[in-house]
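What follows is a pair of complexes built around chain A, which joins chain B in one and chain C in the other.
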Partner chain A sequence: MVFFQNMGLLAVTPGMVFMWVIGLLLIYLAITRQYEPLLLLPIGFGIIITNLPLSYLMEPGEGLIWRFYHYGIEWEIIPPLIFLGLGALTDFGALLAQPRLIFLGAAAQVGVYVTFFIAYAMGFSLEEAATIGIIGGADGPTTIYLSAKLAPQLLGACAVAAYSYMALVPLIMPPIMKLLTTDAERKIRMKKGRKVTAREKLFFPIFAAMVIILLVPASAPLIAMFMMGNLFRESKVVERLNEVAQNSLMNMVTIFLGVSVGATMSADIFLRKEVIFIFFLGLFAFMISTASGILLAKFMNLFTSNKINPLVGAAGVSAVPMAARVVQKVGASADKKNYLLMFAMGPNIAGVIGTVIAAGIFISILK
Partner chain B sequence: MQAAFEVFINGISGVFIGLAVLYAAIKINKLLAGREQARKEE
Partner chain C sequence: MATEVLVPLAGSIWEILVEIGEEVEEDDELLVIEALKMENPVYAPCDGKVSEIRVKKGDVVEDDDVLMIIETT
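The block that comes next holds the complex of A and B.
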């Protein structure tokens, strides 16, 4: 009977079953452990449905989810829209109050480039190595954006690695932070930053967009949207746009982003030994980024009387605001009355900008 | 390997230069929009 011949059930392979298990694991982690549920839940479901045979959901030109992927990610629409929402959600006050902390966000990108170099030495192409390295920036949309441009075949693995490690920040970062700092350093109390005026906050997104895009034009799609979202927020005259950007629009594109990323992970693409290397290298990048931020903070302390608590350097990896919260928690474990959260938000946000610049440099050199 | 090394050097220096220029922009922003309004608010 033709009905039986067209059944997907007969075309199931062991690889597909394995991918169902991975999809179910991500859904489990999202629901029971609350690990990045907004992303891991649709990604997990996307993995399952794309590995159902004969569904052709990712068939180029006709599959439903292929259309989400093609027009949303390959056409570079969804990641910049996520950045629009992030900009609307971001308060740059902490960074503007203590601008020297911006360099900690730069230091955290060292992990990106060290991992890039190692990945290339291991046999990945320059484009693939760049995509793997950017995982160290701990910024999901930027990882997806760069991957779609340079190495689409690694998009699913790199995105899942990035979001997984972002969810695991509270487990990955504290041992590195404690290893690289003394108890006395963890107890350093930083001086409160100056008051930032509303006008400074209003001017900043305009200045920042101009400066960064003039320096690294390839970063324009992400930085332009990020700063426009922030301008919505700080102008205080377009509350409706601000509200839409940070809520409904961001939620909508998150659905398409998650399911599209999950759907790129078909068994034939995902089940390769390179993917295991990607997960290890991604973790390595994340650890180096954390360490380099801390080490730069310690280095800066050699030249200033206004000491920086080196823990704050760890927040240079993006993962907003989780990394800053972990800094607060580790700092409070050394000194209960030491409030580092606001200080950590500065490098945390600088890390987002730094990762976008790093991605822009990769694109401008390799594309 | 030479190509990777060039990307490595350009990348790290580019990120630091980019954020250093942004640091300078924040300082200029403070001069333009920070002090006067802070005085008014006081």
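The block that comes next holds the complex of A and C.
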């Protein structure tokens, strides 16, 4: 009798069954469509197991996944470690060759702030509104980091929204890009920037870490790790650390990140009408960010003879390198001999840093 | 007259689609450069005959390196 009472089967609720379906859907999208499989697969599985009753996997203090979540995400360890790997993977060359493109990465944060105000006006708390707005930056680890600090109850929904929109970059961005540019603008071939020396690339992470952290100290955990990873890469003397940061370490923490994020989505937390708003607002934020980057590029063109192809502005959202690839594709469909990929990487990387700074500003104001 | 085909974006040579001696027309695909996990075709700048190929599959190339030479008649 005791065995039957302890069986989970009798405690299943319709909400849990619904969450299983969502988990399966993410797993399906990860496998068949290859939508961010490294994250959506463990997230999908995490959703299923957290919605199996009486398993206590997320029970504070004792559950296995709760420990991953608590020590990994609440203690703010995993997102900065991901940033260490991202730093090691990043080549700042494209950005240093054309520093003016940094502004495009900054412009793409407009969606973050616009959405912040709209979400607040809709009745979300300031902390929740900030977390929803940051989805517009389309940066998974930053969204998770900010959410864990300001609005942990929204973490699962915001993370899934951010990763979904990153995966959907090739579908969401091109219509906006085509709507806001003329055929002639899409055909603009940009002049190559100057050659960037190895010494500049070496000093950049040190200098950038100092400047950004001095200005926005709350961004320090993510920026410090990102720049250290980049220093590993550019110093050329710690190839082993560089390699571990961008491959094995990143892969390891991704496992714990994915399953923990999924496990935050239990039916009672996730199935509320606010979650629908989060997905819509997140998409809105992302679209505004795409548009504002393009519009700033067009605005900058009014003042310079060295024209910027406005498509490049769309890459200011930080989905690296998906956004840059989309820019290349849309550009090549207007003029097949136009290679925008490397130009787009500049704002793309600036966008990552811009999103982290935006998150740092939210933390310092709201915490 | 010889026309140089230059690298339009840095990356590695993914595939070479023509051979020495082959006649090509402007805008034909000559080779594919892989950058950021994306395959980018490089097109012929003019009509002519491929007289020299200076890279091989897997080579890492920088902006404006010479990929091949096309002899125009």
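Keep in mind that, in the parts below, the second predicted complex is superposed on the first by the 367 of 367 C-alpha atoms of A that agree within 3 Å, B and C clash if a C-alpha of one lies under 4 Å from a C-alpha of the other, contacts with A are read in each partner's own complex, and residues count from 1 in each chain.
The rule is short, and it goes like this: contacts are C-beta pairs under 8 Å (C-beta built on N, C-alpha and C of every residue); 3 or more make two chains touch, one makes a residue touch a chain.
It should be emphasised that the depicted structure is a prediction, and the values quoted were computed from it without experimental measurement.
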Message: By the touch definition at the top of the document, which applies to A:256: first (chain B), second (chain C), both, or neither?
response: neither
Query: Taking the superposition as given, does A:325 touch the first partner, chain B, the second, chain C, both, or neither?
result: second
- prompt: Is A:336 touching the first partner chain B, the second partner chain C, both, or neither of them?
  reply: second
Task: May I ask you to decide whether A:100 touches chain B, chain C, both, or neither, giving the answer as first, second, both or neither?
output: first
Message: In this superposition, which partner touches a larger number of chain A residues, chain B or chain C?
response: B
Query: Once the shared chain is lined up, is A:366 touching chain B (first), chain C (second), both, or neither of them?
result: first
Message: For A:202 in the superposed arrangement: first (chain B), second (chain C), both or neither?
response: first
Message: Tell me the contact category for A:350 with respect to chain B and chain C: first, second, both or neither.
response: first
Task: Enumerate the residues of chain A that count as touching chain B in its complex and touching chain C in the other.
output: none
- request: Over in the complex, which chain C residues touch chain A? Could you list them?
  value: 8-10, 27, 35-38, 40-41, 43, 63-64
Query: Which bits of chain A are touching chain B when the two form their complex?
result: 95-96, 99-100, 102-103, 105-106, 109-110, 112-114, 116-117, 120-121, 126, 129-130, 195-200, 202-204, 207-208, 211-212, 215-216, 350, 353-354, 357-358, 361-362, 365-366
Message: Quick check on the complex: what are the chain B residues that touch chain A?
response: 1, 3-8, 10-12, 14-23, 25-30, 32-34, 37-38, 41
Of all residues in chain A, those that touch chain C in their complex: 192, 321, 324-325, 328, 336-337, 339, 341-342, 345
